[in-house]
Structure formats: C-alpha cells, structure tokens
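The same chain A turns up in both complexes below, where it pairs with chain B and then with chain C.
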Partner chain A sequence: MYTLAPIPAAFYGVASPVLILSVGSILAMLLSVAGKWNRPTINFGFLFLILGLSLAAIMKNGPQIHTFFEGAFQWGVLPYVGSLLIVAVAGVLALLFYPSYLQARFFTGEVIALYLLSLLGMVVQLSSNDFITILIGIELSAMGVYALVGYVDVNRLSLEGAVKYLVLGSVATAIFIFGVALLYLSTGELSLQAVGHPATGPMQVWKQTGMFMVLLGLGFKLALVPFHSWAPDVYEGAPSGITAFMATCVKIAILLLLFRVCGFFLLAQPEWSRLFLYLSVFSIVIGNWLALVQSGLKRMLAYSSIAHSGYMVMLLSVAPQATMLSTALFYLVAYSVATIVVFGVMMWLEEKNCRNLHLDDIAGLGRKYPLASLALTVGLLSLAGMPPTVGFLAKFLVFVHTLQGERFGLVIVAALGSAVSLYYYLRVLVRMYMHEPDPISLLAPRFSWLTTGVVGTGVVLVLALTIFS
Partner chain B sequence: MSAMVPIEHSLILAFLLFFIGAAGVLIRRNLITVLMSIELMLNSANLLFVAASRQVGNVEGQVMMSFVILIAACEAAIGLAMVIAIFRRYGNIKTEFLRALRG
Partner chain C sequence: MLLLWIHSHIATLTIFTPLLVAALVVLCPSLWVAKWLALLGAGACFLESVHMWHYFVPGSGLQFTEMHAWLPQWGIQYFVGVDGISLLLIMLSTFLTCLLLIGAWNFEGKGQKTFFALLLFLESGMLGALMAFDLVFFYVCWEVMLIPMYFIIGVWGGKNRIYATTKFILYTAFGSLLMLVAAISLYLLYKKEFGVYSTNVLDLYRLSGLPAASQFWLFCAFALAFAIKIPLWPFHTWLPHAHTEAPTTGSVILAGVMLKMGTYGLLRFAIPLFPAVFLDFAPVLSVLGVIGIIYGALVAWQQPDAKKMVAYSSVSHLGFVVVGSCAVLHSMISPEALTGAVYQMINHGVSTGMLFFLVGVLYDRRHTRLLDDFGGLARPMPWFAVLLIIATLGSVGLPGTGGFVGEFLILLGTFQSNPAIAILASLGVLLGAVYMLTLCRKILFGPVTHKENESLQDVSWREALVLAPLAVLVIAMGVQPGFFLDRVRPSIDHLAKTYSEYRLERVELPPLGCCKGGCSNGCEE
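== the complex of A and B ==
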C-alpha cells in the first residue's frame, strides 16, 4: 500500500520559479482566446511580467541547496545560475522579436505559451536529480521548440526544419530513454546517484550500455558531431529569433544538464572522459570545416555553434576540477552575448525582407549602416575568439582548463580549429567592408530603439566583460 | 509464482523492437510510418522498464513507463499536426519532398 507523502510548505517557495512559469503558460493559453485582448502589446507585457516574476523568484531562491522528494526536485548552484541565464536570455530575445516582422505572429497567446513552456522545461531539467523529472523537463522544452520552429513563421523552410527537428529530436529522446531503462535495470533506481552503485556480472555490461546511450541521447540533442546533421537544417529553417533561442537557451540547458549528468557519470567511470575527447575533436574539426563552405549566414552560424559546443565539451574530457562549472558558465555567457548581438543585427536586417540573409546581402553593409556593421563585427570577432572581446577570454579559460588536465593534443586541435574559424568570420567582414553594395538585394530596415538598445548593450558587454572579469 | 519470463528474453525483445524502430526511421519514406517507428522505439523502452521493474522489485520503472507513454502521446500530437501542415503545402507526406534545406 502506497501513501502520498505530504508536500512540504517550503517546496512552494523553492519551486516558485517553476510554478510561476507553468501558471504563466496556462494563462497565456487563455490569452489566446481572449478576443480583442489578444494583441501583441498586451501579450508582450504579459510575457515580461511572467519572465520578470520568475527571475525575481530565482534570485530570491539563491544558490542554496534544497532537496525535495528524495532528489526529484533539487535546487542548488547549477539550477540557480542556469535558470537565471536562460530566463534572462529568453527575455532579451523576446525584446528583439518585438520590432521584427514576426511581431504579430510571435506575440500571440499560444506562441508565448509555448515559449514559456519550453523555458519551464529547461528550468525543470536543471533542477532535478531524478531521471523521471529530467526526462519531463527535456521533453517539455523540446516539444515547445519543435512547435516554435514550425509555427512562428509558417513557410516551406520552417515546416521542413520543424519536421526534421521533431523526427531526429524524438530519436534522440528514444535513445536517451532506452539508456535510462538499461540503467534502471542494472541499478534498480532512477536517480542520478544510482550510476555510482556497483553492478555485478552481466549487469555491468547493461550499465555501461545504458550510460553510453544516455550520453548519446544528450550528444544528439546538443548536435555534437557525428550527431549534428539536423542542426544546420533546423537552424536555417527556423525564423531567426527562434534560431537564436535554440542556439542560446536550448543549448545552455542541454549543456548544463550534460555537465550535471556527467558530474555523476564521470565520478563513477572516470575513463569515460575519453568519449568527450573524441566528441569535441570531431565537433571542432568538422563544425569549423563545414562552416567554411557555407554561403548562407544562418547555416554558417549553425556550423559555428556546433564547433562552439565542441569547445565547451572539451571541459568534460579532463578530470573534473573545481573550476569546471564556472569556466563552462563563463563560456556560455560569452557565447550567448555574442550570439544575441549577431542575431539582433540579422533580425533587424531581415525586417523588410522576411527571408534568410545570404553572404551577398551584406556586401557593402559597412558603408550603408556603419553602426550595425560595427556591432556585427564585434559579435563575430567575439565568436571567433579575437583578443579584445570576451570570446577570447572564454576560449582562453577553456584551453587553460584543458591543459591542466594534460590533454595537449586536444588543445592543439582546438587552437587550429579556432584559427580556421577565423577565416569564415573574417569573410563576412570582408564582404561587409570591402565589397560594393548591391542596391537591390536588401530593402532598408526601419530604425528601432529596442534593437539598438539590446544590440548596443550586447556590444558593450562583449567588450566590458573582458575588462571586469 | 508461476514461471516468470527471464529478464534476458525481455531484453532481447526490447533491443529487437528498438532496432526495428531505428531502421524504420532511417529507411521509411512516409512521414506517418516514421512517426510510428519512433513510437516503436519509445515503446521498446517501456517494455524494458516494466520488465526491469519486475526484476528489481520496485515500481519506479512503472511510473517512468506511464510518463514515457505521455511523452509519446505529445510527440504524436505535434508530429501529426506537422504532417497535416505538410500535406496542405505539398499535397503528400513523403520525406523526399523535404529537401529545400541542404548543404
């Protein structure tokens, strides 16, 4: 006979970010049937009310560790910093949507409900030690994004991207779930700690297979090479704001979850760090290599984001150290700020054209829009890891961390990959400053205070974070 | 208790179903069949959860199984919605029509 344990009163306080996001998404769905109240301005205000409330709730929780339901909900440093970053970045991206051509499509009740639901999933998957809750979190965020890719801007490309994402994302989930099933069979538990339990006889094999499949599923979701084939298609097909959402929020959530899972896995089996060595080498080499031959800006950024995942996974290829999580978070912040700047400029340029930008579209941009070009330059240089920007410092810290773990070959490969990546980032700048503008290729976008503010703050952050950290 | 099915049998069946599902995703060209293959992969994990739950003697696996069924239902809902949207645009649901994104 099973009885339900009473819910402790403190749970409502600690879980308030999750509760606010879930209640917010349900209310947002009600907004979508609210008739004349379902207007972009009202939905915009509502979205920021919910995001602000959940940010306040996250900050109020702080980084203290609270455990409920035997670890099914566990708050701590990683959930605190991770959800702070994710919700803040999501808010900034929503600001960029307001002046874009998708304003009327994005700020409807159902779309912001999906947006909030996927954020909810990300917070849930970070604040749990139990595979049941983690799985629900992963799927909640993935389902929201599948729908956002295909629904915000319905055209041929976005539908195709959404279907590819759904099919391959579901396969990744299935692999992950099967791995969890094998782990459960060999350890008899569904908590992350269980991988530390010793297994005997044939169960040892199933435990190893299960761990491998769980990591495989997460690698698939993170688009590490050789599981990257979906990422460029989906990034290109999705509307730019949603691409930015995937490249920042979704990536932050899955990467931090990988770090959390590996915190237990690598403790139990230190030799598994070799798997991440291979994954990061492949991602850096192949991601940068394929980015070289792209002519579409978004597709190029997709491959560059695969390479960036590779740089971050480098941290897992060495023995766990105290600075691992802070280095990863610094890299994620640096990468997210630079990505927001680049996508902010791209979304602004797309405003009247309603299509993906091609390399030819930005020829002569430096003369037409000097300030936007400057912002794009700073963002791309930070992604490339050039010295005055925060991207350099982040990459440098990751390399130092890997060197301390004595993976010298990996650092050499990563440095070479980084040098190669400079080529395709600089190619954009050359096109922008040294080519004649094509008068008919791009319709002139409207000036927007919101975009200017967000991108300007981003540029300042890219330059200032280097000095103050 | 009368003769219990050995765990190896459930494992072999689950792996078999999983790989049939994976092969279906890779080979089949009809979107609905692809979605069905994904369901097969998820259900093979469900089978393993239930068998393992019997083997290790607690109900956590069965709880997980019911959540996986929930997830599979959500996936089918989104997947079928996309199939309808694709049918409206292309007039059929074969995957070879989805090739605008490449390179």
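== the complex of A and C ==
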C-alpha cells in the first residue's frame, strides 16, 4: 500500500504551509548557533516572517479539497480554518512574549524552532486523513510543547510541569498508538474513514477497543475529566505565554482532530455519543468545582479550561449535524480571543514580577490600572459566558446544538455549571475592584504598545463578535 | 427631517442613549463635565420616553417597533417595541435614573464618574429588557443588567457588600441560566412546529396552544427565573442583603425598577407563552405571593434597621403584584387585578424608591440606619417629616395615594377569583400599615433621644429636587389614576382577553409546515 510514488508538482503548492513551517524551524535552529545574529529582535522578525508566509500560504490554499498520497495529506475546509486559527493565535501570543520578561529567553533560535515545530505538528495533524501522519503530527506538536514548558523559563515549577506533561503525554500517545494498531488490526485500514467502516465478527470487539483507546488518548491530551490531573500542574508551571499556547493552539488542534475523527465515527456508531455525554458532564462539573477553590490565577484558569473543553465536547454528545463544526469553530474562536485577553493582561502584570499571579496580587488592581482591569473583566466575563460578550453567544449556540439532540439533562448541568463558574470568575473581579490595593504585592509593569494593541483588539473583538457574527 | 428620524427610531434611541453617554462619561477627563453630561444624557433619555408616552396610541398594540436581522441564520433579530404593559415601566426607569443622578450628585467616595457611567449602563440594560420583543435580545439585556448592579453594590456598598453582591448575582444567574435552557427549548419547539427558526416573541406566542405537558418544565424554568428576580417567597433571601448593603442609589434602582423585571417577565413571557400551565400554577403562585405579603410584613415589622425594613416591605409589596397577576376566575385572568398589578409595580417603584432615598438622607447625616438612633426628627427636620409621611402613606396604600388604587384593584379582582387569598392579602395591607407607621413613629415622633439629632439639617435643595417630584407622583397617582392607566388599559385587557380566548376556544395550531416559505409573522393567509 505504501510505495514510493513520484511526488506530484501540485503537492508543493498545497503543502506550502507545512513546507514553510518545516523549513522555518530548521532555519531557526541554525539561527541559534549564529552567534551575534542570535538576537531577540532578529529572531522576532524571523518568526513573524515565517508565520506570515505560512498564513499567506494557508490563505492561498483556500478551503478547496486536495488529496495526495492516498489521503496521507489532505487539505480541505477543516485544515484550512483550523490552521488559520492556530497560526494566527500563535502569532498573537508571540507578540505578547516580546514585551514580557521572557523576551530574551523566548526569542532565541532554539525556542523559536520548537515553537514552529509544534505549529508544524498541529497543521500536519489537521491536514491528514491517515492515522500514521496524524500520529506524527500529534507527537511533533507534543514534543515541541514538552520542551517549551520546561525550557523557556527554567525553574522548579516549570521543570516539574514539563516532566509531568512529558510522562503523562507519552502515556496518552502510547494509548493512542495502541488504539490505532487495534483499528488497523480490525479493519485493515489506516485512513480516518476506517473508523466508520463496519468490522465483522470477532474483529468488532477489537475495533471498539481500538476506537475507545484512540478517544482515550485524545481525551488525555485535551485534559477531559477523568484524564485531567496533569493539566493544573502543567498550566501552572509553564510560563504564562506557553500556558496560553497550550490553552488555545494545542487545544484547538486536538479538539478539531477529535471532531474530525468523531465526524466519521459517530455517524457509524451514534450510540457512542453517550461516552462524550459522560466526559462532558464530568469535565464541566469537576472542572468548575475545582476551579472554585483555587487561589492561583493560572490554576484557576487551568480548571476553567477543563470545563471549557467539557462545553465543547457537549457537541459530540449528540448525533453529528451539519452545524456541529461551525459551532465548534465559533466556540473555539470565542474562547481563544477571551483567553488571549486574559493571558495578555496577566503576562503584562508579570513583567516585573517574574512569577505566577496569586489572587491577592491583583487586589485593588481596578484602581491602579483601570484599563488593564477592564480588559481582564471583559475577558473573564466572556469566559463565564455573560452577555454581551461573545462567550455568551458561543455557549448559546452550543446549548442550541445540544438541545437539538435532546440532551436536556446535559444542558441543564452545563447551565448550572456556568452559573457556578460565574462565582470564581467574579472572585477575580471582587479582588480587583472591591479590595484595597496592597502596595507591595506587585511591582508596576512598564507600558507596552504591543500588549495594549493585542489586548485592546481582543476586547473589541469579544464585544463586536457578538453583534456582527 | 431629524425629528422624523428620531420618531422612527425612538425605541432604539431610548435604549442606546444612556449606553453611549456612559461611554462618554467614562472617557471625559473632567468630573464636572462628566456629571453634567450624565445628567443631560439621562434627561435626553427621559425626554425620549416622554415622546413615546405622548405619541403612544392606546389600543393599537405594539408600537415604535424596529427590527433588524442580527443572526439571520438562527432566526435571531434585534426587535424592540413598546406596548401598554412596558410603557409605564419605561417611564419609571428613565425618570428614576434622572433623579438618581441628582441624588448622587455630591457623592462621597471614589470613582463618581464610573458610578454614573454604571448607572447609565444599567438604565440601558433595563430599557432594553423592557422593550425587547426578541427572546435572545431580552436575555442579553436581562443579564447585562446584572453587571453594573454587581459593581454598584460591590464597590460602593456597605460593610458586607461582597457577600451581598455575590449572592445577588449568583442567585439571579442560576435562575436566568435555567431560563436560557428553557428559552432554547422553546425556540427549538417553534422550529419543530413551524419549520423556521425564530426568537421573535410574537412568533413564539403562537406556541401557546401546545399541550400543557410539553410546556410544564418550560414554564417552571421561566417562572423560577422571574420568581427569583421578583423576589417571590421563598426565593427572596438575596434581596435583604442586596438592599441593605447597596448604596442608596443602588437600592432605589433595585427596588424601583429591577425587581419589576420579574413581574414584567411574568406578564410578558410566562403567562402568554404558557397559558395552560399558568392556569394550573396560578393558585400556587398566589399562595406564594400571599405568604410573601404576610411574611415580608412580619419580618419588616421586627427590623431594627430602617433600610432592612423597607427592603422587606418590598417583598411584601411585590407579593401583591404577583397575587394580582395570578387572579384567575373561571379560567380567565381578571383584568381588574392585572391592571392593579401593573399599577402597583409603578406605585411601589415610586413610593419605595422614595423611602430608600429618605433613609439615605438620614444615613448621609448620621451614618446609621438603626431606628433606635432616631426619634423626634419632626422638630429639627419638618420637611423631611412631611416627605417621609407622604412616602409612608403611599406605601401603606392610604386612599388618595397610588398605593390605594393598586391594592384596591388587586384585591377587587382577587376577591372574585379567590376570596381566601384576598382576605389574607388584605391582612397584609393591615400589617403594612403597622410596620410603616412604626417606622414613622420611631423616626419622627416622640422625644429627641440623641443629642446629635437636634441639630440635623433638613432636606437640602438638591434632595428636595429629588424627593418633591416623587411626592407629587405618589399623590397624583392616587387622585388621577386615569391619566396613567388610560394608555395601559387596552394592552392589559388584550393580555387578559387573548388568554381567555385561548382557554375558551382552544385556539388550534395552524397545520405543520405552513410557514416554510419563510414568513415569520402570522399564518393567516
């Protein structure tokens, strides 16, 4: 089945985003040994050159479907939108790194290489129809992120996070591979469509087991409850920018992959949607519940992101419909914009303090930095799903979709979960606006045009997307 | 030309003027300019609502409508309009906001600009909720109201403000999120029946003929959200905290308008959308309302704190509104009771708002609200005494004040449908007189027990400017109810009539799929 075929010329055009990212990451590695050329400003320019080129290449490809190598590389609507979102979000996060205290650490050749490699992995895993290629993509992005967690800012917490992520992430990958092997055993195919094909006789069991393990691996990567235990430690240990990268880009890639796999799988076996029902109920309830008692901002956001994964997985708990993917994408966009706003403000506040923010650190912030607090407020309200932010509209559409599948209980749980979540988001606002400032808790950060621009645009988007979407 | 344009967009302008002005107020560098800007904005908004009042044609249904597509693929629109049920509440909101800004003019404490901006933001939210005829837009405004109120209580409130404000927002959010689930279910039900998506409330009214079984849970969710907001006993526990901790301005707006959102929602959504279930639930709601009346009155009686007393009196008064809305006789809503309920909403807003202002006046001078710290204030503060007595009489419903008209109509309608409820409710009137007169007596009469009370300043010109219009309103609503009710009556009669028609004739749903062509208004053809 896998013979070396001549590479068609059209491939280079369609695969240009992937090619640009891979060439870029190799060049970035060279930059790291370029001596005096290895300077943050140059690396910054280089990173944006590569990201800009790949964005242009993605846009040039458009959403048309192209298939090469029997589906090992397949471009289409989902790769198009997904890669666009991922690369754009990654670019915005890199912008936020520039004014942060990690500027000199992040904009080095090797870190940029890792950053580009993990982006490459995400684009690959979305633009393939073949489990082997997908696996390579997942591993590539995971390897990059393992290193980014521990390497960008080296301290005890980040190393602990990196090791935990590495060990548990590898376990997840192993489970995923085992699942793929069982699928291959039972259907004799490695394409995504294979999960939708019926297996006969005794193979039926192996196919189900394989599928279960594939979903388990993806659930691990997504930190769905009960596979969530790594997430808070890793999110807390990683530098904030990398945490935001995991909460947005990595999550977008894995979720879209999950939606893709399930698009085929749930059509063939709709009864499996019950699995996602349980996963989302657990993630929403436990994620929100544990977020209630956190005093570190990033840990709280880690649990809240678990709950958000739960809201998104709600879409899979009903039979696949035409609107599933667009709703998921809308939710992902809404969630990413709000996350960028929140993390943008946090990274700005951390600039002089070089440590994770505690709830007490932001006491009285509303009086000290009214605009930053306003941005944080808008971001958190959007995560909480309060109107008039886009978070509300996203949640509304998810609820509509789930109720169309008549999962009333699940939607009620989700609605009550978001009422509970309001409490911990509001706790931040209480500290910001209703407590007296603590003069020594936080060193005053410098003003930065980049952060202001990014966060400001994010706030405008959070409000404007509600009206004009 | 301009006037014509204003006339044709009057509802939108009224909703968004305060929001726009709020943004300007925040950005304005000078506090003095910002304050005047806020007042001018609120004044302009009031004038716009006066314009609507003036051009409102009684009996011709929904007016000043404006509709734009918002999310067309989901059938969600921006659709606003005014009818008789919302007209008075709109007037009340815009009027009270103007007075509130004057009342908070010499504000002690930080962030006055933000405070004024939040008040205007809140006004926008309330007006949006009152004018929305699209379920999603209504929900957006309904939730948006919470955000400024949350900050008003939490930032400028009393000692226990954080607990109070968190409880307030969580209680309300729990109710509203369940309502959101019900609203979406309703929306999908409409899609199932008529083949198109729509959140237009007028479209959704056509679902009212559905069998009671499929409406049961939907009604429960809507009623719960509204019951929490009203607040109906036993969902009232957030109210005393929120009221007591809120700054005076916050209490006034909370009592004056925000609580009415619950009863308004009942009249606008819960009753016409689910008439069949409402019929079964009306006795339950009436009983809860009566319990609220008596319980609120008894608890208010025992309060040592003047503000808490007024807060519990709100529970009692809102109970009347619920009883009035639920007076069902032979499967018909009594139009008298319904009129009384609508009137009582306005009346409670005016008289209780005034009472909160007066308690605020005392608090500004003495920084205490305990009744025992006062006594004999009638001598040093004669004008204050006059105003407090007018507000008290309005609140207890003395003939000649608006309270009498409202309560009388409610009791009249209720007595026909259920004498027991009416008798118990009139017990509440009696108790109301007891505790309100106790309040008056303890504050105004007897000897001056505290030395510092002897030299208290009477109401200032600014305070008089706030209180005098309210005092005039309390009396005007009592002697000239026709002036207020003439514009409202047709809409109320219409609500009562359509409801009874539904009950008597069992309006049949048009056959499935008749609207597939995309028409969303009416299937008559």
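Here, the second predicted complex is superposed on the first by the 466 of 469 C-alpha atoms of A that agree within 3 Å, B and C clash if a C-alpha of one lies under 4 Å from a C-alpha of the other, contacts with A are read in each partner's own complex, and residues count from 1 in each chain.
Note that in this section contacts are C-beta pairs under 8 Å (C-beta built on N, C-alpha and C of every residue); 3 or more make two chains touch, one makes a residue touch a chain.
Everything numeric in this text was worked out from a predicted model, so none of it was measured.
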item: Touched partner set for A:I7, first chain B, second chain C, both or neither; value: neither
item: Which of chain B and chain C A:A174 touches, first, second, both or neither; value: first
item: Which superposed partner A:F408 touches (first chain B, second chain C, both, neither); value: second
item: Chain A residues touched by each partner, larger count belonging to chain B or chain C; value: B
item: Chain B versus chain C as contact partner of A:G150, first or second or both or neither; value: first
item: First (chain B), second (chain C), both or neither touched by A:G237; value: first
item: Contacts of A:V33 with chain B and chain C, given as first, second, both or neither; value: neither
item: Which superposed partner A:G161 touches (first chain B, second chain C, both, neither); value: first
item: Contacting residues of chain C [partner chain A, same complex]; value: 70-71, 74, 110-111, 136, 139-141, 143-144, 146-147, 150-151, 154-155, 161-162, 165-166, 169-170, 173-174, 177-178, 180-181, 184-185, 187-188
item: Complex contact set, residues of chain B against chain A; value: 7, 11, 14, 18, 21-22, 25, 31, 34-35, 38, 41-42, 44-45, 48-49, 51-53, 55-61, 63-64, 67-68, 71, 74-75, 78-79, 82, 85-86, 89, 98-103
item: Partner chain C, residues of chain A touching it in the complex; value: 367, 381, 386-388, 392-393, 396-397, 399-400, 403-404, 408, 411-412, 415-416, 418-419, 422-423, 426, 429-430, 433-434, 467, 469
item: Contact set on chain A toward chain B in their complex; value: 2, 131-132, 135-136, 139, 143, 146-147, 150, 154, 156-157, 159-164, 166-167, 170-171, 173-175, 177-178, 180-182, 184-185, 188-190, 206, 232-233, 236-237, 293-294, 296, 299
